[in-house]
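Look for subunit A in each of the two complexes below; its partner is subunit B in the first and subunit C in the second.
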Partner chain A sequence: MNGKFALEARNVSKHFGGVIAASEVNLQVSPGELRCIIGPNGAGKSTLFALLCGIQRAESGDIFIHEHNVTQMQPFKRIRLGVGLTFQTTRAFQDLSVRRNLAIPNPNLAVYKEGHQRGAKRLQIALEGFGLDPSDDTRAGELPHHKLQWLAISMVLAGYPDTVLIDEPTAGMSRDETDRTTEVLKQLNAHGLTIVVVEHDMHFVKSVAEKVTVLHQGRIFMEGNVAEVTANEDVKKIYLGHAH
Partner chain B sequence: MELDPLALSLIYQFGTNAAFLFLAALGLIVILGMMNIINLAHGELMMMGAYVATIAHNQAGLPFPLAVVVSFFSVALFGTVLELLIVRRFYGRELGALVVTWGLSLVLGQGTFLVFGPFMPAIKIPGGSYSYGSFSFSEYWLVLIGISIALVIGLYWLYRYTKYGLQARATMQNAEMAKALGVPTSRVYTLTFSLGAGLAGLSGALLAPTSTIAPFMGQQFVAPAFITVVVGGAANVISGAVGSSVLLSAIKTPIGMAFGAFLGTVALLVAALIIIRIMPNGISATIQKLMDRRRAASIS
Partner chain C sequence: MSSKILSLIGGDADVGTSRIFWVGFVIVVILFALYPTQASEFRASNVAYYLLNIPLGLGMALLWGYCGVLSFGHVAYFGIAGYAYGIIAGNMAGNSFGPIAGVLGGLLASALVAGIFAYFVFYARVREWIIPILTLVLTLLLETFLGQTAGYQWRVGSVLLGGYNGMTGIPSFQIGSFVFMGYSFYYFCMVIVLVCYVSLRMLVNSNFGQVVFAIQQDPLRTETFGYDIRARQWLVFVLSAILASVSGLLYVQWGNYITPSQVGLLSAALPVIWASVGGRTSLLAVVIATIVLNWVTFTLSAQGNQYAMVIIGSALVITMLFFPRGIVIMAAEWIGRFTNRPTKSTGG
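For the complex of A and B:
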């Protein structure tokens, strides 16, 4: 895929009643980057993901995927431009088998003119790393929590995106499971996948992120590398000081 | 070996009752069972199918099977327009959908009355009948039983093995996640509602030769349709509706034959009440739970 940025938000705003979910947000994610977004609860992290994917519509501002303006585009068309999203709560289809869950995004395969091999390789990395069998007929509802999370990530990768937005991938996981998730995401990134992660677990953030964006009250509060962000007194005050 | 005519009649009545319940519920299986829309215009969609088939056959001279196909596509097209203009505004708002479809049922019933009058000459029942002992068996009802079985297989195949089926099941379970996986959910909703409407029209057309063709004929199908779908449950709407049709028919048929049609219907209603009390999520959820338990036991 071409373009200076894999994903870009320009002055994006969204309110829910009187609550500011996103206010004049400007975000640029370069191809191949692994970016973490942190912020206290209610900072607008999940809303920003929903806006980028079109699940929510921005009230103002523009969103670009590989320099295509997708602001008015329906979610499925944005996904076809190469962006995938997993949600904060696990949303694999519990009544469908693992195999069928992984098959849902597959009809989009034909849309990708290039990158099939890279996408397929990334999916293989995820499935092997997470210990998931793509021919497994077990109902997803019977999987333990961490495997459901991993299945949700693998489902998105089955659509062969080049950029994924992952919302709290390690929520509710043990340290071992978190470390395994970290390892797989790093491998995927090493294979060219652009990854944007919302995460509260600073151990995870420190071990994966090159660049961190701090959101607060719907605004971008700070951007920098992990050391800069964790050393910033204001960030500590609004977020890290409370949480850790 | 010679079959007892009474036993044969019992089997035949069981088959016709089950086929009637399944056909009455056919469109609702999709619209209520999958989409969770309480469609009170279901009977009127069936009525439209019956009218289209009657006009196509009696007035345009089309062969009856072709008239049935025309009914399916006509009512499906009407369903598409309905979904695009009205129904899509009420997804996730069950009470709103209930009121709007009820209003729609009144408009369709009264509109048909104004345009076509209080009744229309019926379609002659195709085929003849067989006699065995003191009982006679309609060839057409035997065909309807066969069509019902074919429709079960067709629907199962559609939702189990096609791209649309997988996307529809995903969309109905979690539309946001389906969107995030690139599924065009608006299109899936429109297609699914159109299919449900078309199937209601198809059922109306198939049952037209067995009914009086009148603007309010749909009302006779609404109660059996809702009972069949609710008793069947939403865990697996197709197997649920089949299980429910078979079980309710197995209760209604012997009681109806022994004590008359009225008490047969009463038995069906009582049975539905008891089943819903014992299995609040329907037959399909209970079957699913039993299968899960068996699988878990076999693993451990």
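For the complex of A and C:
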């Protein structure tokens, strides 16, 4: 891991027609951090991920990965700097087997590949934690939703990134499945993986996050630790609701 | 090394991975090899025509089925290679090196046009649904251009382009003094088809092939694993254009002529139909469909039947309605279920 920040957005803005998706967003994620990004629907959380990875181009501002200015860089080049991304909708290759899915990000996949001990160890943690067999020939499209989501996370880790952006990892999962996901992500973070998670499930957020960023209408509304954020009256109004 | 090659050939990115399949495959190849001993030169020449179209069909399977890019104008590369061969070999008539120079020139011309076209398409990230239109426009432009080349002024060296009458008198292929005609041309086609099929099976089972199939499944997801999908799409497009060129070269060596209709709308639709009817995500399915549909078309046309294209079109409609993944693929799956053998039938 190089540089002061694993990921940084400086004054990043993006509009879709009249809709503000990101407005002067400033975000810094330190190496080894586990950050949650929360906000109501349409707050711009997924767009922020898309901007960080280059799937959407920022209209203004700069994006840095390990201090490299990647604002004009194609998505695949940003990924090669050590970033991994999962999408809001689970996007494993449905017609490929679990084994093939894991081999796409890393054709020379070996759990303890020399020179990639950290990345390989993290992959092993994920596979064991999620109960996935890297030699499984089951078609990904035949997996239940939660396993497909776990496969999608494991696929990203198979590329041995040092920073991952995970969009709603527990969407559609039962409480047990959510807890298992939480546990694995915490273990991965303990092994040095920088994790940025977009999530709605406050149980999950409270379980994993050191620091929470609240997005609202494309702007950073608040940043702080979980207790500060959940205690904030304005955050409750825009997102959590007074009942929480 | 040899076990690696065998695993690439026998991998599950195409139908047929069992020992029974490969025994059957070898038997079919032997039957094709023995066919000329039992058939007249005319009939062998007809079968050579079915065979020579296979590389074009395989190119379509690779590009559309495995990479997810539909080209409705791959016959443009068939035509460019054919015309380039005719011009080069025709101008070198009498020189035994002429046909080889024609083959090299045809492949090069085709690859060059495909490379430039594909560069602008993929590096500009043209939307997937626009690509069939662009490719069709390219081949129709080529047809229109070639159609107006009647007249003595439209010649390259001593070779007339011939307008809609086409280019005639194109030399057959030869190596040294040996000219490939009749039975020998049949075997020449057979060897080329085998080489193309086995090479492509290795390609689709390789790491490169698996990433290409991932692009077909989800381009954005593949790119976010760090792959420059534009470069891979470009390469697959050029490879498939070269395969179309191989068919174009064999075609002009077989018939010693080529006309603009070979790059026209009807011809452009045929490889798409072969791939759809057989099942575009299987190389073998497309090989079978190419042979069968060419046999149907050729036989009906030879009998003066006007409805050959109606029947081929109907086959496409029936396939789309009842066998959307292709008749051969769905038959393979059915056989797999019947024998309780799990059958993998697509690129993965």
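General observations
As a working rule, the second predicted complex is superposed on the first by the 232 of 244 C-alpha atoms of A that agree within 3 Å, B and C clash if a C-alpha of one lies under 4 Å from a C-alpha of the other, contacts with A are read in each partner's own complex, and residues count from 1 in each chain.
Here is the rule we use: contacts are C-beta pairs under 8 Å (C-beta built on N, C-alpha and C of every residue); 3 or more make two chains touch, one makes a residue touch a chain.
Not measured: the values here are computed from a predicted model.
Of the two partner chains placed by superposition, only subunit B is touched by A:Glu142; subunit C is not. In the superposed model, A:Gln74 lies in contact with both subunit B and subunit C. Of the two partner chains placed by superposition, subunit B and subunit C are both touched by A:Gly159.
In the superposition on chain A, A:Pro105 contacts both subunit B and subunit C.
In the superposition on chain A, contact is made by A:Ser97 with subunit C only, not with subunit B. Common to the subunit B and subunit C interfaces on subunit A are residues 53, 55, 74-76, 79-80, 84-85, 87, 91-96, 100, 103-105, 107, 139, 155-156, 159. Those residues of subunit B whose C-beta lies close enough to touch subunit A in the complex are 163, 166-167, 169-170, 173-174, 176-186, 235, 292, 295-296.
Taken together, the subunit A residues at the contact with subunit C in this complex read 53, 55, 74-76, 79-80, 84-85, 87, 91-97, 100, 103-105, 107, 139, 155-156, 159. Of all the residues in subunit C, the ones that touch subunit A in their complex are 207, 210-211, 213-214, 217-218, 220-229, 346-348. The part of subunit A that touches subunit B in the complex is made up of residues 53-55, 74-76, 79-80, 84-87, 91-96, 100, 103-105, 107-108, 139, 142, 152, 155-156, 159.
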